[in-house]
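Heads up: the structure comes next, in structure tokens.
Chains here go by letter, A, B and C, matching the order in which they are written, and residues are numbered from 1 within each.
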Amino acid sequence: MTEEYVEIDLSLPSMKVVSNLCKGCGLCIEHCPKDCIEFTDKFNELGYKYAKYSGEGCTGCGICFYACPEPGAIIVYKKVREKK
Amino acid sequence: MQKELIKGNEAVIKGALMAGCSLYFGYPITPASEIAQAAAYYFPLLGGTFVQAESEVAAINMVYGASAAGKRVMTASSGPGLSLKQEGISYCAGAELPCVIADIMRAGPGLGNIWPEQGDYNQMVKGGGHGNYRNIVLAPNSAQEMCDLTMKAFELADIYRNPCIVITDAYIGQMMEPVEFPTTRKKVPYKEWALYGDEKSKKNLVTSILMNTHLEEEHNKKLQKKYQTIAENEVLYEALNTEDADIVLVGYGIISRILLNVMEILRKQDKKVGLIRPITLFPFPSDFISQAADSVKSFLVVELSNGQMIDDVKLAVNGRKDVHFYNRMGGAVPSVDEIVDVVKKFI
Amino acid sequence: MKAAVLEKPKAFYDKFERKGKTQQETTHYCPGCGHGNLHKIITEALSEFGVDDRSIIVSPVGCSVFAYYYFDTGNIQAAHGRAPAVATGLKRSNPESIVISYQGDGDLAAIGGDEILQAANRGENMTVIFVNNAIYGMTGGQMAPTTLVGQKTTTSPYGRKIENEGYPIRMSEIIATLEAPVYVERTALVDFKTINHTKRAIRKAIKNQIDKKGFSFVEVLAPCPTGWKITPVDSQKWIQQHMMPYFPVQAFKDVSDQRESMEIEQRDYSDQEVLDVLGLSQLGEKKQVPASFIENFPTQFMKIAGFGGQGVLSAGVVMAACAMNENLEVTWIPSYGPEMRGGTANCSVILSNSRIGSPLTTNPNVLIVMNGPSLDAFEDDVQPNGLIIVNTSIVDRRVKRDDVDVLYIPLTEIASGLGLTAAANMVCLGAYLEYTKLIDYKSLFEIVPLAIKKKHLVDTNLKAIKEGVKYIRENYSR
């Protein structure tokens, strides 16, 4: 696996691209309002230059998740208040 | 009265309902329309579904869906409609979906006319649609058999997960005869492979596409094996006076009834004439015909077509004896006397 | 505080095992293909509504032929264009299942144009997702019915021309003109806003089905970067610039609030109910008749002919039923089709004590002619020593042959005397049985009440039979 381990800091919203499931279409990058996703210049197992989270700025809006055609390539984390 | 005087086409529907069939999808065409009309009348009264589809193409695909949903389902048509259904029948065969299709044959090619013919033999018995598949084909020659063989068709279709055709001609469909019906309705078995729209069955997939050549070949081999099993176990025929016969008449549907008269007349004149009536056209009674070929001098195949079933008779006889042929086409049906004269030429 | 996560929806399989041994977590679709987004939106909706277990997705022919790799629901693959028909079969079989017909533009708007219109028009309670990418993806970028004017494809290499191919077809607008559909909307997959719009529309289309409201249709303008030969990002822009002006993104019909939900009663029927409905419970025991009656019964090859409305077909049916009731073998076969519409009708009836071969009476030994043309047509066919019954009220000539027995009876006048011209056929049957004594004419009384649909006419028909009997007694007593 070429996937990089990303430490998830739950105190802040974040996203993760599962690198081997990314087809490098760039739609997440195009649509992220915070410009916090970027291409790597590495190729994944599928042979695509994949996207990755730049590491900061994510608001957890979820836009990238729906923009991505792949079922499991993007995961978005966001803290929410637990229901009482 | 113990029997009902009923048209063959209507007997199909009553038989279907007694066999547990609960959905009918069809498109009207003479001379099969009474089947759709009877279905439209009876199915809703028993909680079943009748839909007059927009075409035969749609009808067979509705059948495909309902069969996949685990139900007993049927459609019916005649020549041109069956031509349209062929792609769907091939899909049913490929996806191994049981279904019953009645073909009340009329004259062709093209629009032809509405009178009886047997020109659909090749398209229904040999395949008709694309790919390596076979239909089970039952050929009733009376209203009673229209009921009985339709019921049997549902059983066979389920046992083998295969389309089953009830094929006959306009006369058998339009004729009224006494029919004795069963008194209990058959229960439809639970189908492990079907899509019931519930948790248990959602793992199931109904498809005929296998992109992997190896898997598609394996699937084809499995189908061929199934057809072999059917050929070994499901042959039905009627044989009369074949033991001592010099000449054996071979025909199905309305022709078999005319041949019965021909045989009776000639027997009265001390002519050794026998009769073989295939009841299943696939599987064809090849073994029996082959055995008969040992003792008889010749065969006379009579068809309302350009000679389609005769190929199967010839394959069974395998050149050992003469196989004569007499036919009428275009909706013309030979008279008894006409065939008596033909037979006399060969004895 | 805890982390809420947007990840692969539950209604996807964990591993796409049907896809093959490798790449079991990615789709087979090209990078940036709209099918993937839609799969995600559909699975998410099914999971949220909690209906994935009872859902069945119909995979079409097109790039989404393999949609069944992905959906953890019931799956079925349909012939090209026929998904709405297959979905109809599924839904009518199990009305509680949630059936989604997922189709491309070639599948839905070209080869399957009729199936979609008719399923919509029947108001099938199903959800249709129509993926409009203005091209045939799977077969290599050929022209679709939705291909834009001027758009180059492998089968419109000079661009779609109006003169040759007409205009792109707007399916949503067409479907929305139909009365039955509850909800028709077109959306797109180009940005956050349109994707959200698509999510809402698909949820609504599925919810409508769950609520049994009827037919819902969502058309989605979706990118096919491979077919269009541009990048995924440019594909979305292309939709915005070229497709959306021609295919407006909006709701065309939404009457889901006004529609009642359609509950379908389902129950089992007892054998008795089934027999009652099929009219089989009134059938009883076999009648006892003397063996000698059967043994000595001479086969009757009857031809009954006349013009439409004279009851020639029903006379045959009643005669056959009567003989059947006496345990004889019988057949009845009508002339049918256009011949009947020409105004003449005839039927062949055979009554016999043994198995009947051909049901056709080419040479009848009983000919009943209700009008002149019938006598002209069939006189010569009658067997020597046969019987001809002539309706003298209408036939104005005598039988030419001298080797047959003839009864001349003013059938229509006798029937008119009873106030029911149509009962001439029954006068005839009464006369026939009284003359031949083959079956007691009273046996007809057991059949006529069952055979005649208009119950208030039964009595007159019975009287007609008696009149026929009387006429024979008075004129032809042997």
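Observations
Everything that follows uses one rule, which is that contacts are C-beta pairs under 8 Å (C-beta built on N, C-alpha and C of every residue); 3 or more make two chains touch, one makes a residue touch a chain.
Just so it is clear, the structure is predicted and the values come from calculations on it, not from any experiment.
If touching chains are joined by edges, the resulting network of the protein chains shown is an open path. A comparison of C-alpha centroids places C closest to the centre of the full protein. Put simply, the C-alpha centre of chain A and that of chain C have 52 angstrom between them. Annotation: 60 Å between the Cα-based centres of chain A and chain B. Chain B and chain C, compared by their mean Cα positions, are separated by 20 Å. Per the touch definition, chain A reaches chain C in the complex via residues 8, 10, 20-21, 23-27, 30-31, 33, 46, 48, 62-63, 65-82.
Note for the complex: chain B touches chain C at residues 1-5, 14, 17-18, 22-23, 25, 30-31, 42, 45-47, 49, 51, 53-55, 57-59, 61-71, 73, 87-88, 91, 95, 114-115, 170-171, 174-178, 181, 183-185, 195-199, 201-202, 204-209, 212, 254, 257-262, 264, 333, 335-337. Against chain B, in their complex, chain C makes its touches with residues 18, 20, 52-56, 58-59, 65, 68, 72-79, 82, 85-94, 96-99, 114-115, 117-118, 122, 265-267, 269, 271, 273-275, 277-280, 283-287, 317, 320-321, 324-325, 329-334, 336-338, 355-360, 362.
Chain contact summary for the complex, chain C toward chain A: residues 1-9, 12, 23, 25-27, 29-37, 39-41, 43, 70, 191-192, 195-196, 199, 225, 231-233, 236.
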